[in-house]
Structures are given as C-alpha cells and as structure tokens.
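When the chains are written out, they are named A, B, C, D, E and F in that same order, and each has its own residue count from 1.
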Amino acid sequence: MNGSSVLVVEDEALILLDIQSALEEAGFLVVAANSAALAIEAFDADPQSFKALISDIRLGSGKTGWEVARHLRQANSALPVIYISGDSDIHWGAEGVPGSVMIAKPFAVVQVITALSTLLNQHVPASPPPSQN
Amino acid sequence: MNGSSVLVVEDEALILLDIQSALEEAGFLVVAANSAALAIEAFDADPQSFKALISDIRLGSGKTGWEVARHLRQANSALPVIYISGDSDIHWGAEGVPGSVMIAKPFAVVQVITALSTLLNQHVPASPPPSQN
Amino acid sequence: MNGSSVLVVEDEALILLDIQSALEEAGFLVVAANSAALAIEAFDADPQSFKALISDIRLGSGKTGWEVARHLRQANSALPVIYISGDSDIHWGAEGVPGSVMIAKPFAVVQVITALSTLLNQHVPASPPPSQN
Amino acid sequence: MNGSSVLVVEDEALILLDIQSALEEAGFLVVAANSAALAIEAFDADPQSFKALISDIRLGSGKTGWEVARHLRQANSALPVIYISGDSDIHWGAEGVPGSVMIAKPFAVVQVITALSTLLNQHVPASPPPSQN
Amino acid sequence: MNGSSVLVVEDEALILLDIQSALEEAGFLVVAANSAALAIEAFDADPQSFKALISDIRLGSGKTGWEVARHLRQANSALPVIYISGDSDIHWGAEGVPGSVMIAKPFAVVQVITALSTLLNQHVPASPPPSQN
Amino acid sequence: MNGSSVLVVEDEALILLDIQSALEEAGFLVVAANSAALAIEAFDADPQSFKALISDIRLGSGKTGWEVARHLRQANSALPVIYISGDSDIHWGAEGVPGSVMIAKPFAVVQVITALSTLLNQHVPASPPPSQN
C-alpha cells in the first residue's frame, strides 16, 4: 500500500548512479530514470508501487523536476518528494510542492538518505474504517 | 467530510461553559458533554460530524479522557485531540495519543483556541483518486 | 522590509468582507481583491509592501489561487501563503507551495488569524552583513 | 509548578500597556516591567511564579532583552521566550535562546498571543517518578 | 542519566538480528528481547540504563508493543519510542504514545537509525536547579 | 554560496578524529580545529566557505563552544550549529543559539551525521530577485 520503490530521476548518468548505489546499499529498492518522460512512464504504469520521488530539476528537454513532482502528487497527494539542484533551489518556494525537501548541490549522499528516511517515517498512516474496538 | 462540530468533554459545569462560550464566539460549532458516556454516545451516533475532541482527563466515574480519545481515534485515526488537565499532565507521555496537545490547568481559553486552530490547519487533506490532470 | 499589508483574494464578497473585518480587528492592514487579476496588479505595483497572501482557490475566470501564489513567490520566495477552499483542498499536495497552509471551508475565521500569526512568527530574519561584533 | 504569570519587559510605556492589556483580556496574568533591572528583580524574587517571558531587545541603559532571557533561562531552561524588536531581529540567530520566537515590529498583538499560546501548549510535562502502573 | 542502551523488541528472530546488527554497527548499545515479557523484565530491572525503545507491535502471546511502550513511558515519560509494524500501523493514531514514530514494514534499516538519531537529538535537557549565573 | 566545509571544534584529539573520519566517509569536507581560537581564525579567514559548525562546549582555556557559535552566527545568522557536550547540556536552553541541536555524550557518531544532514536539508534557499516568470 505504501509502495516499495523509490523513483530517482536525474539526467547526469554519474550522479544518478551514485544516488542509486547509495540508496540500494542502504536497503531501498530503486527505479532509476534519466529523463522526465521515462520517470512518468514508469510511475503511470504502476503508481501504487512507488513510495517516494527523488528528482533533479533540470532534466534536459521535456518536463522539469517541478512538473514531474506535480504529476505524481496528482495520483498520490502525500508522496514524499525530494528535489536536488545545482542552481534552481531559489525557485523552490514558488515551484516546489508542500512538505517537499530541497537539497542543493554539492551535497553528500547521506543527506538524501536522511531526507528520504525522515519523510518516510513521517508518513501518517491512513484512517481505518470505523470500528468499535 | 472534515466534520463540522468540536466535541468538548468536561465534568465541571463552569469550565465546560467557559470553553463552549469561547469556542462558539470564535466561530466553532460545539457539542458539549459532561461525562465520557455522553461524549461517546454523541460521537458514535455520527462520527463523521466531528472535526476535533477537547477533553478533560478526570471525568468522574466511567471512562477517562485518555480512553475517550482512544475510542474516537479508532474511528478517525487523524482526529485532532486536545487534553486539558489539572494534575494528569505527567501521564500524557504514556497515555496520550500521537499528535495530541496537553494543556495544563490553569490555562487561558485562548490557548485552547490556538491549539484547536493549529491542529485543524495542519490536517493534511486525503489523497484524491489517481487522475491524469 | 517585511511589508505591512496582508493581501486577501476571494471572489465571494461576503466571505472576503468577513476575513477582511476579522483581520483588521486583529490589527492587520488588509488589501482586499475580488479577482486574481486585481490581486496580481496590486502586488506587482509594490511587492515590498506585502507580508502575506490569503487566497481562495477558485476565483471565477482567470488565474486560480494556486497560480496567484506561485506568481507572488517568484518575487518573494518566503512569503507566507494561506489557501482557503471548499473543494480543492485535495489538490494542495500537488498544487500548493512549500510551507503553505490549506484551510478547508467551512472554517472559523480564528483559524485564518492563527495560521497567519504562526507563519509571520516563523519568518526567520535575513542574515546581516558579516561583522566582527 | 508551571508558574502563573507572564513577564513582559518593554521600555516604551505605550507598547507595554498595549501588550499588557491584550494579554490580560485574553486571560493571562501579567507582570509588567519597564526596564531590565526591574524584570530581573521581579523574576529572581520568585522564579517559580513565571510561565513565560516577552521582552523587547533595546531596553535603554542596562541589560538587553538578550541578556534578560539568558538570565531567566539559567533558572528555568525551558521557559518560553518571545522577543519583540524593531531593528534587532537580524541578531536573533546569534543572540537568541533555543526555541524562542522573534516578532518584528510593527506587529499585531494577536501575533504575541498566538506565539505565547503555542509555546505554552508545546511545554512537555516533566517525567513523573517511576511507577508500576 | 540519559541511559546508554536501546531496547529492541521483536519476536521474529531474523528481523531482530538485522536491527540489532545495524544499530551496533552504527555505534549504539543494544539490549535485544524476543518477547514483551523479557523486554519489560529487562527494563524494570534498571530503567535508568535505557535511552530508547524500538518495538514491533505483534509480539506473539502476551503484551503488544503498544502496551510495552506505555509501561516504559510510565517510568520515563519522555523516552524516545519507535514502533515497527507490518499491519498495525493504522492503529498508531489510537494506540501510539505522543512523539513516537511508526515505521511500516517493509522498511530499510537506515529508517530506524534515522528515527532513533532524530529522537535522541531532540531530547531537551532537563532544567538545572536555579542559579544566579 | 552555501559553503562547502563543515567546521568541527573539539579539544579531545581522539573524539575530534572520530567525528572527522565519520563525516569525511559520509562525503563531507571537514576543517578540524582543536581550540576555539583556531576555529575562529579559520572561519574569519573565509566565512563563505563554511556550511555548518559542530562544536564541543568546553574547549580548554579561551572561548567556549557557546561563544564560538555566537561569533559565527554574527557573520552568518542561519549557519547550522550542533553542540556536543558531556556535562554542559543543561545550559543549552540559556546559552545555545536558535535552531541549534545539542547532542549529549556519550553519543553514536551517526547522531551527528543525522543532525547535520537534517539541518542542511532544512536550509531554506534565499529569495531570488523579483522576476515575471
């Protein structure tokens, strides 16, 4: 129900690999995408299978990380979202989604793992159907 | 969907009246109960109609405020909860529910209104069904 | 430097008046606008004079409250933002800006005042120029 | 145990009166002081009787609001502290105490009441002696 | 005074070992218990020696994780508490203690370490006896 | 702009080395200083190159960690600050700076890394110059 995979979107191959390796070593399942189009395609194929999004802002041509996050939040309004950026962090206040985290480059990968763990741990479980218990 | 009424449970008539008056003057609809049994009866009759609980801890014979809150949270796991107490606040760490607020007597009624407003404003809306928007 | 006025945008005249009166009675200066276009015009004429935005989501034809907030945050990325909505709150996760508050109708006006006060009080002052003090 | 009075320190008589009146109308007991020396004297005479400090930064000759807050926190390390200032807010990051709130002038008095209520409501009760319950 | 050990309660041996190994590798002292009875016995023998509780909810016959946490919070009302559960997370709103964290299975062990570190770092030191300093 | 190095101040050589090694392994650049004087000298030579301070409280003769933090916050009022201490944590409420974290000895180094990552991730980007975007 919470999904099992973390979707990572980054068009620079080396940074994508770095984040993917670190997350997998920390015990997370990762779906890596090097473009917005591939990320959205993977998500739309099975929205329930994802538990978080980590996205760069500038993703070459096509949609930006801001747009990827909004698309995913349409389907899952509480999906944890982490943005990574070298120069777009000043636009986070206008373009980010509520409850998201912005990590400015250069960053240590442990910052991404800490942000991801913290957002997952804050995830409030949904209300159960009424009961008398 | 968020409910419209605030349930206030307090067995001291004057304090109950004080809180009820202040909340109504501030624009809230209030259902007042002077015992745990009446509070639970009112809630169970229509759980969807309540948006928050404000409860004293010691309520004479019958259930305590701790038990009233747990009963309501079984039906609505994210219901805002505010406890008021003169001498039971030291047990909040063991008996309170997550995300609740404990206000120690003596208190100014504006503390109750601020706690209620803050908890209602933090209420994260539920996720909509998936869409392509 | 923090601005002095609160910009309130709401296309229903009675609700706009209610909020404006309550804020003014509480000691705030208010600029009221009944359309997105008027709100943006007022803001763009003097961005420095505003300290917060309170906006309904559906504003008739023209821009939505989501778009008004993003426009203002382009100029002031830390501007406190409060949304008010009867049926659009489920889209807050996708369309809201970071750090904003969503208040669902029906609400008590004191919730708006509490949200506004809380956001203004959280406003971290900017760093001063380096000194040896 | 939590104390019953709020200590307000402000050397401008009119502002002091404004805050005192608003707090009393909201149901708080207030001890008003128009200098740092008087504030510290009142506090040291009975530290247990105070539940919060609200202080201007510049207080004429003598100690500043920064120093008053540190003095009080020596005796009560969790005392809620609210600073008010026209031009010293940029030094809050260096001179303020942890968990304090800085409110920049000009402000609406409701901001002070909201900050005070919020800090008092966050006050975590002390641990009780071990029991088997 | 803060205690030195983390108490981990989990009736599935492999998961218990996983968590214990990861915590010890991260530098924490761990006391592992595979039942509620053993956990409570260990705690009651020396409550001051523990700094946090990590507990599964379903623990076979005997008490649940909810009950273990309440028992420990009776003796130490601010003890950091982390729950782990595969299917009981929907009851956290009713059965959890204030300030606790719920981590839903499946999880990465780094989420537990992040939650533990964060709760320990938030631990506000107790007030010292009054001094003139 | 955010700086690239973390300044660590600790007069016990072994603890300093432990923290430095762990931070570097986690991907951070570290400037290590074994006295307040060296720390301040390094910072003042290039304030823009630092992104955070981690400091012990007792640093032998000379300034304390409290004073080091205040000195750095004069130049950068939002600099993330983490204190480490064996016996001075009870003074944090009086001597600490706003938004800082106090970690009591003994601690696991992962607590320092989590606190550092969390504070860096909370760093709100500065407002950009007004634009029409």
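Criterion: a contact is a pair of C-beta atoms (placed from the backbone, for glycine too) under 8 Å apart; a residue touches a chain by one contact, two chains touch by 3 or more.
Listed by chain with UniProt protein names: A, B, C, D, E, F = Response regulator.
Computed from a prediction, not measured in an experiment: that's the story for all the values here.
Of all chains in the assembly, those touching chain C and also chain F are A, D. Of all the chains, the one whose CA centre sits at the greatest distance from that of chain C is E. The pairing of chain E with chain F is characterised as different-residue: of all residue numbers used at this interface, under half are used by both copies. Rotating chain D by 180 degrees superposes its CA atoms on those of chain E, with the angle stated to the nearest 5.
Here the CA centre of chain C is 28 Å from the CA centre of chain D.
Computed centre separation for the pair chain A/chain D is 41 angstrom, with centres defined by C-alpha atoms.
Chain D has residues 74, 77-78, 90-93, 102, 113-114, 118, 124-128 in contact with two or more other chains.
Those residues of chain D lying in contact with chain F across their complex are 70-71, 73-74, 77-79, 90-100, 102.
Residues of chain B that touch chain C in their complex: 2, 4, 26-28, 113-114, 117-118, 120-121, 123-128. In the complex of the two chains, the chain F residues touching chain E come out as 89-93, 101-104, 106-111, 113-115, 118.
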